[in-house]
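Same chain, two partners: subunit A is paired with subunit B first, then with subunit C.
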Partner chain A sequence: MSREPDAARARAREIALRVGNRFVEAAVLVGEAGGTTTMTVPRDHAIPILEALRVAGFDYLVDVTAHDTLKLEEPGEERFCVHWIVHAYGLDARIHVRAWVPEDDPRVETASVLWKAALWGERECYDMYGIEFDGHPDLRRILMPEDFGAFPLRKDYPLKGRGERDNFPVITRDKA
Partner chain B sequence: MGLESKLPGFMMSTVERMLRWARKNSMWPMPFGTACCAIEMMSALSSRYDLARFGAEVIRFSPRQSDVLIVSGRISIKMMPVLQKIYLQMPEPKWVISMGACASCGGVFDTYTLIQGVDRFIPVDVYIPGCPPRPENLVDALIEIQKKIDEGKPIETPA
Partner chain C sequence: MADDYREPVSTGLAPAAALPYAEFGDRAISLEPGVGGRTMVLNFGPQHPATHGTLRVVLELDGEIVRRCDPEIGFLHTGFEKLGEFRTLNQFITVTDRMNYMSAMNNNVGFAIACEEMLELEIPERAQLIRVIMCELGRIADHILCVGLQAMDLGAFSVMLWSFIEREKLYDIFEMTSGGRLTTSYGRVGGLAFDLPDDVVPRIRDFLEKVPAVIDEIEKMLIGNRIFRDRTIGVGVLPREAAISHGVTGPMLRATGVARDLRRDRPYSGYETFDFEVPVRNDGDCFARFEIRLAEMREAVSISLQAIERLRPGPFNALDHKVTLPDKDDVYTKMESLIHHFMLTMPGHGPEVPKGEFYSATESPNGELGWLIVSDGTAIPYRVRVRPPSYYNYSSIAVMVEGGLISDLVAVLSSLNIIAGELDR
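On to the complex of A and B.
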């Protein structure tokens, strides 16, 4: 097996096409972004497709995350896009799976049944974007305080927050 | 053959002056290191800068046994309740050093998670500018607190 980047990309693309063809009704779009093979899939088919990739040798889930297209010049199909980045150590190949998720119903199935690594990534994604992962055993905030009332990486959330950082009791010399 | 041989065998002082002298020369720091300033704090404490020369060598990781809280690093909204609790657990008399730009004013992190200066929620005696400050600055801050104690105003700073 060659470790040339081009060869690795070709292998990833071939697997992406092969897996995509198996899910005809999903109309998987195979492309490339920043040198990584991408698969854009409907969110209902994300988990079966990820499972097929796992069987094809993608044993490592690099990250689960999302992005918000609210203030982008080119809007996406929906407001949010969930990303799963999977890597195959044995094949030295990487695929970036993406699914569009609407604002009024931001939920997808959990990938933690396939990779345990998804547990924390999905919690972070929920914490930052408010995307809910159905079937996650413990979907709580992971970075922000439990009583934090917003999803800070959504683009309609102000960078300086909504006063959370100013909302503490003041301890003076007399009180201490 | 030291200075004491020149003395008449006893010295006169007041209890208060005696206390101040004892206090200022044995400041036990409680390190609250949350970022890169903590690295400079460690440097100030180890052999090259040697904070022990000023009586502050006994690092206490229990607030119950410490005199001066060194807040060295950025304080997030999740850490602020912890910092307040630790400050309240320290016995009187107590002093606070706000070390570095982040602890003093939030530094470059003007974001939703970061406290814009710990002095908004706990009293601070001495601020150290810098990002991060050099160990000499921390030594200077400690001497500044010693001066305050010597002048007899240990806990009279604006909250």
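On to the complex of A and C.
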């Protein structure tokens, strides 16, 4: 029971299909999840497809995030799924773009050339999952300390941590 | 009135990019702008009083001009999203309070609505009206504090004290309603934790009748104030394109001329039945954000009064006891209710949740508060992603600050209403 009006959903679906048809070789999967039109795309084609959406009027990147499928009963194609939620102010429509990213090579191209919002969204995604965004101008950790050794939102990282809380490096006055 | 005041004069300096940059970290000090291109690096925060929380900004200064601004965040990171993967939906509501302690009600209700959309649950009208009242009171609490602090940072201390008096009254109302002042935990998936007590309603009505006079007073105190105008008009301008590109939402976006309000565009809790305006300003500066907040408080007063008029006795929770707890009296006397209670509260049980990915957003006082829930079909969500408005709003700070004076940074920071709990989660 999504609050997206039917007209907005129809518009989003139409654009998703049109953009998907332009990238025949990418075999874009257009579907619906929780009332939002979704596009599942191969990661090599994620940025060209997002760019096509940007050109089609999707000027607002709502969020960039990811999830780790490690402990799902029905795992996805790869371990990580990166999500881009985009919205078009002019068309008043929303599309949810997803791409699978493998564990051994967790990288995908940056969307920060299309939307400035991706600058911080991708930094957080890297901070929490270790997914690298190629071409990002400043891919540093943003919420966790710089010297934190793990990616805390991965499913193999325990809730109570690995003792980082008690083992912060101590710098005394005479050593500084 | 406005004609008597001069427009702020441009500093006449070349834009930041045109000047030769010193290496970031070079500690040479220049006293006059542009002398030899030498700059000074200044660490601002995280314990500076003007940062209102734990914000740290590393500034590269050329005289008093900010050439580069590098915000550093994460000091209040608490791992709320990780915690969400180990808590049931209703347990997570207590966590949403801690994200935005200025308007906890809006966060409680926002998350409950996201869950209800996932569970396809209908909410009774009384619960919806109480939610609207509480959300709008939360909006007033949030905006009035922001306006007060904005004035305080620019030297008008009494405005902050007036706004604190009103906030105190609101917290008394929240305490009477939910038992908590800051962390209310009042929303529940499927309705509310308790019904609205009868003696609160006259108190809310009394507050709503008196608060417009305070808003007027604040407006009179500041809107014609020479110092306030000089320090906010044309200061911290966020162009519309930059705002949209940075994903800025809420009052900050509406101050740049984009009339986007999820209460009107994607109505929830019956907002479509209320009569209200979405205030918009075009300047995108600190003063426009201040004006928007004042106008939104007046709208919030009007919406709450309309909701109080329509308040009738009735159930405050969805009657689907596969999701909401049954009445405590029934639990003691009826087997059916006892089973429902057991099934909802014991670990490993809980409501039936569909599998899939669900995104839902509500209009919190700072902007679009979104929740991406990835569900694996159990009562505990597999992944909860918060789309925090403060996070994306704050990412645009460099646009507003670079090229301006360092004292303008204080004016800009206080006009953004960044809540560190939500920024860092």
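Quick note on the criterion: the second predicted complex is superposed on the first by the 163 of 176 C-alpha atoms of A that agree within 3 Å, B and C clash if a C-alpha of one lies under 4 Å from a C-alpha of the other, contacts with A are read in each partner's own complex, and residues count from 1 in each chain.
Keep in mind that, in the parts below, a residue touches a chain if its C-beta (ideal position, glycine included) is under 8 Å from a C-beta of that chain, and two chains touch if they have at least 3 such contacts.
What you see is a predicted model, and the numbers here were worked out from it, not measured in a lab.
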Which of subunit B and subunit C A:M144 touches, first, second, both or neither: both
Contacts of A:P152 with subunit B and subunit C, given as first, second, both or neither: both
Partner, of subunit C and subunit B, that touches more residues belonging to subunit A: C
First (subunit B), second (subunit C), both or neither touched by A:H67: second
First, second, both or neither for A:D166, with subunit B first and subunit C second: first
Footprint overlap on subunit A, where subunit B in one structure and subunit C in the other make contact: 144-145, 152, 157, 159
Subunit A - residues contacting subunit C, complex: 1-5, 33-36, 38, 59-63, 65, 67-68, 71-73, 83, 85, 89, 92, 96, 115-117, 119-121, 124, 128, 141-145, 152-153, 157, 159
Subunit A residues touching subunit B - in the complex, by the definition given at the top: 144-145, 148, 152, 157-162, 164-166, 168-174, 176
Residue ranges of subunit B touching subunit A (in the complex, touch as defined): 77-78, 80-81, 84, 87-88, 92, 94, 110-116, 120-123, 155-157, 159
Residue ranges of subunit C in contact with subunit A within the complex: 73-74, 77, 79, 81-83, 85-86, 116-118, 120-121, 242, 244-247, 258, 260, 265-268, 356-361, 368, 370, 372, 374, 376, 382-383, 385, 387, 391-392, 395-396, 424-425
